[in-house]
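In the two assemblies presented below, subunit A is common to both, partnered first by subunit B and then by subunit C.
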Partner chain A sequence: MKERKKFLDINPKIWGPIFSLVVIIVIMGIIDPGFIQIEFKDGRLYGSLIDILVRATPTAIIALGMAVVIGTKGIDLSVGSVVAICGAVAAVLIVETQLPFFMVVIVSVLVGGGIGFLNGIMVSFIGIQPIIATLILMVSGRGIAQLVTGGRAVSFDSTAMDIIGSGALLAIPVRLWIMTALVLCTVLLLRKTALGLFLESVGANAKASRLLGIEARMLKVIAYIFSGMCAAVAGMILIADVSTAEINRLGLWLELDAILAVVLAGASLNGGRIYLGLTIIGALIIQTLTTIIFSSGVPVEYNLIVKACIILAVLLIQSETTKNYVSQLRTKSLENRHAE
Partner chain B sequence: MGVLEPVVDVQPLLEIKNISKGFAGVQALNKVSFSIAPGEIHALLGENGAGKSTFIKVLTGVYTRDSGKILFDGQDFHATSSGHAQTQGVSTVYQEVNLIPTMTVTENLTLLQQPKRFGLISPKRAKQRALEMLERVGLNIDPSKQLDSYSIAVQQLVAIARAIGTKAKLLILDEPTASLDAKEVLRLFELMRQLKSQGISIIFVTHFLDQVYEITDRITVLRNGSFIGTYATKKLPQAELIHAMVGKSLDELTSGSNRETSDSADDVLRIQNFGKQRFLKPVDLSIAKGEIVGLAGMLGSGRSELCEIIFGAQAVDQGSMEIAQNAVHIKSPKQAIDHGLGYCPEDRKIDGIIAELSVRENMILALQAKRGWLKPIPMTEQKAMVESMIERLSIKTPNLNKPIGELSGGNQQKVILARWLLTQPTLLLLDEPTRGIDIGAHHDIIAIMKELCEQGMSLLVASSELEELVIFAHRVVVMKDRKKVMELTGSDISQKSIVNAIAQ
Partner chain C sequence: MLNERTLPLISAIIVLLLLYGFGSIAYQGFFGLRLAGYLLTDNAFIIVTAVGMAFVILSGGIDLSVGSMIAFVCALMALLVVKFQIHPVVAIAISVCVGTLFGTVMGLVIAIFKIQPFIVTLAGMFLFRGLGYVINTQQVKIDHPFMSSLSEFGIIIGQGELNFVAIIMILFLALGVIISRYTRFGHNVYAIGGDAQSAALIGVNVPWTTVKVYALSGFYSSVAGVLFAVATGSAYPEIGIAVELDAIAAVVLGGTLLTGGVGYVFGAFIGGMTFGVIQQLINFDGTLNAASTRIVIGALLLLFILLQKIILVWAKKFSAKGSD
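Entry: the complex of A and B
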């Protein structure tokens, strides 16, 4: 009993996003039982749920970096463009050079990290507002990616990319392994060292953190570098999907989905707490909605509107105001019952 | 239990009946009942964590009460928000001035009820109304100037003007005098008497007992969320009041003053000609091992500034510094901490606590920062450290994972103190360690300070409360106009000598 109480004390917040996701899936399962069916075919799993996981991977990985940046009271609007740049770099390297695949990966991730470093320097050392600093690259980044590819869509033929795009290991798509590994590494890095605590401390109160000996500036740069690297990985997964880097659409608006995933996880844009696992859940909620709407036969022009309405509903369900309102209603009804 | 004494035989303006409010695991208010007569100034007293703030929030509808009844003007009173409470005639002015500093005084005063002409704001009439409101509180200032161009005291009066401007019958003043100097306090009292004569009742929350005796008619004391009693101020000696508040007598609180002079050979800190342009004039100071040096002076005298430059929060541009006989150049708090210093800043809420983080995290942060991020303190070790500190400093918190922002001020201060004790500093800088803290926690913190110095730690304590400095300091440095003006030792230390030094 005592143990259980302790468990609830630690994280009462985690139930909101999980509850929302389960509700959406259960409702869909009732409407269309095929939705929750999972099949085993040709050595891998198939089904709507698996499809959602697969499609959510890029957003989830970007959201992971975004969660860390938002935890430091920042924001990274450039991730969509970083996806485009890193996707372009990877595609061009595969087509134009003989570099081994792991070198392609390393170079792309370094490019992403380098862009994150620039963002971090602008925010932390030059003192530009995060939203403005990263807006610069959000706008110019897609142009840079055009320069990298020479303005055309770059198609490639690479076994390694095919494996990332559609391969499976132990019946589970490869990219899910990549995401799981990334999440685990991030959790280890943030929670098994004091890095996560320092980032949260700086995000929640930078001045007090300085006065107790935490130098915020390098920490913030690290957060943006991490976000850039995550975007690079997401970029490679996205081009692997179609074996083409099409700059105009690659990673477009992904920064908004990533921010939304972080917010759905219950994080505050004012910095402070970082919720890594819940951010993944947030990304899954977004992708589940997208998949449902696309497969439901709602006319295309309504897709985004329906998605926006459902997300608004999810945010309302999770908001403090709603919780307070519900608990007030409950007390009132109890009082009424007592009065009777 | 106290004696309930109605001051006058009229219907009370406010009647509180058996109000209770609990938060997960903590009963913040337990069946509190008292009443307030029209035109009465009523002190609400108690330690931090006694339930004063909770009570105000329940009364003004910020929190919903669990049970109990409130009658206001004979009517059932159920505020749903502080704005709603205000329209019903209950206005609150909080310790932290609740106005918008970058707006003009007029805009601040008329924000909620803009005088309009053809649907547009009429600046002329807005100014007119602002002037009327200011006149009621006897404030003669230019309302078209930006609010933050005036002192905190004036801002406080503007806040009161706004509060009573809306036909308030009951005004709640929560620690209004905490950041005012003596003259400004007199001005506030004058205003309070004036409002009283207009029939407005006032609930006055404060930690300054002298002020309670100067201005209030009756006193209600809360302790640990429970109602202790309501007393007529004139019939309650101060010693009994303190007893009601903490359950300890005044003798216990002030006894055991320690006045040995230490050997100056083992100075932990020596600064010479240490200062910064337009910040602090050069200061010479040395602190010996196990010594408590008090820093006295008025607000803005340079007390806090001295702490800040010693700790490296502000860069110095002249002078030298030695720590344990070694010359050092400290450029950041991190370096100061590495040299064995610790610092509890004056503004606990902004510079001290990290409100969203838990008690545990707040407590271990400084030690963790000292060790670096690659060497995390294992969780079991953290818990053991934090639990022993909670016990040693008797910190009241339901559990280790409670966000520190939800604790009372006194407990927050103890957590910050514990944060530094874990780093085992040789010299601890405490800026107003007892500000905004009730007598009980006050007493605890002074006892802890003495214990630390007996264990060989040195302390530099800035405080505006002279009686407190006199009790524990071995030496008192008096600051004035950003300059050190006097150093008092041994039997020369008294409130009178300090006041004389400041007044010179």
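Entry: the complex of A and C
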């Protein structure tokens, strides 16, 4: 009993998002049993839940990069534009050159990393606020992507892209494998080496970490490069979906969903501790709500309002003022108990 | 006169004049009152939004909700005028009040719960866009004799025309400049943007000033929404997307420091006009892709931020020498 209480005490932050996701799914399962049904057909799994996972993949991958950046007390607003640019580059390479597919992947990921590198240099060596530094590319990025495609939607025909878009391996959609691999690599890299500790310490207190001998500036650059690369991967998955790169809509609003996922996962925008696994859960919560709203017949417009209310609720619960108020209440009740 | 405070604004004015001068020499019909009047009208709602944004940025915050606010106010106007048959004057008053109220609520959340303005106004951005969609999802024509008489009203000056939208923009710009320069609230905004802690120590009510700043931004963006409704005579929920970025860019191009505390509200006008001139240059050129507008603006943004950095470094060195 004592053990169990301790366990719950330590992890309310970690169990919060998971609990919310489970509650949402269970409630939906009770209302509409079809929602939680998973079918096995033609060598792959089908069902609303699988659909949610599939659709959440791009957001989740971007949120992964965003979490690392937010851990360094930064933010990356340019990811939506990076998705557009990298999607455009990949589409144009497939259509206009004979490059093998893995080269296309490498080039687009490098482009994403390069853009992240520029963001990182602006933030950490020139000292521009992250919101503003990445805003520059957010503003101009879509323009750059349009230059890449010449302003038209680029349709392509590629077997490899079809596999990413709708293929399955061992009954599970290919993109889920991609996401799982990325998440596992990142978690291993951050949690089994000192890198994660360094990143979070830079976010918590950049000056103190530098005094400890951590190369804070370089670490920040690495975080932005990683975010750019994640956005590039997400961009390729998104264009594989429809076999077209349509710049005006590609990756629009994705930066906001990604930030929301990271915040839902309990990370503070003031840097410090990040939770990579929970970030994925955060992305899943967002996608589950979106799917529910789409399928429930409630007008799609309410999606934005629901999202806004959730962000506000999470923020208010996380805020210092609320915490202080709660702890005040707690001390008061303790005092009362003592008085009795 | 020429110090680290005025230098960004002066360089912004020089950039604007250079761009305008270049256009006047390179293209026929660029120089003149007709294009000037057109520029004032076409960029009116960006400039009005940017004036409100300037206050927010001067206070050290940011407001991402302005674009959605414009869409929401337009939709609300359409609802009141078309569906409920309310006279546009009353509809304008109600819409502006509701917009200001929403701004106030965001300010309260930021001030009381001490949450970063960035994420609170991001939530506001979702919320207002969603509310706009809920009111109507299609394009609605705001048909009312009063609205058309407003949009047709104009003072002819030579070849150019100063129309209703431009006049309102200039009035609200002047109002913003006066508030920032000559009221206690204006001084408080600069104080909390420079250093909130010191401001609190010398007796500035920081939370209350913060609330007022976001209320003011809500007010200005709802006025911008009304101007949009008057100018286009219609409302559809997808207007104003990315206007928040344009407004922030206009404020920065106008020489206001993004860290807060340094800059001039008038800079919002310069920044907005720079925007407009770049767009016209690309229009007149004709060979450039419309996409290049955004790239040029991004590049200019970077240039100005770097310029501000260099000026700040100089100013620091200079003041360090002075204190030796």
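We take it that the second predicted complex is superposed on the first by the 291 of 340 C-alpha atoms of A that agree within 3 Å, B and C clash if a C-alpha of one lies under 4 Å from a C-alpha of the other, contacts with A are read in each partner's own complex, and residues count from 1 in each chain.
We take it that contacts are C-beta pairs under 8 Å (C-beta built on N, C-alpha and C of every residue); 3 or more make two chains touch, one makes a residue touch a chain.
Keep in mind it's a predicted model, so treat the numbers as computed, not measured.
Once chain A of one complex is fitted onto chain A of the other, the partner contacts of A:307 are limited to subunit C, with no touch recorded for subunit B.
Once the two complexes are overlaid on the shared chain, A:214 sits against subunit B while remaining clear of subunit C. In the superposed model, A:26 lies in contact with neither subunit B nor subunit C. Judged by the touch definition given at the top, the superposed model places A:319 against subunit C, while subunit B stays out of reach.
Residue by residue along subunit A, subunit B and subunit C are tallied for touches, and C comes out ahead. Of the two partner chains, neither subunit B nor subunit C is touched by A:329. Within the superposed three-chain model, A:171 lies out of touch with both subunit B and subunit C [touch as defined at top].
Across the superposed pair, subunit B and subunit C touch subunit A at no common residue. Residues 9-10, 192-195, 197-198, 200-201, 204-205, 207-215, 272-273, 328, 331 of subunit A are the ones touching subunit B in the complex.
Across the complex, subunit A is touched by residues 62, 109, 112-116, 118-120, 122-127, 129-131, 133-134, 137, 237, 242, 245, 248-249, 252, 258-259, 289-295, 297-299, 301-302, 305-306, 309 of subunit C.
Per the touch definition, subunit A reaches subunit C in the complex via residues 75, 122, 126-129, 131-133, 135-144, 146-147, 151, 256, 259, 263, 269-270, 299-309, 311-312, 315-316, 319-322.
Subunit B makes touch with subunit A in their complex at residues 64, 311, 313, 332-334, 337-338, 343, 345, 350-357, 361, 365-366, 368-377, 399, 401, 419.
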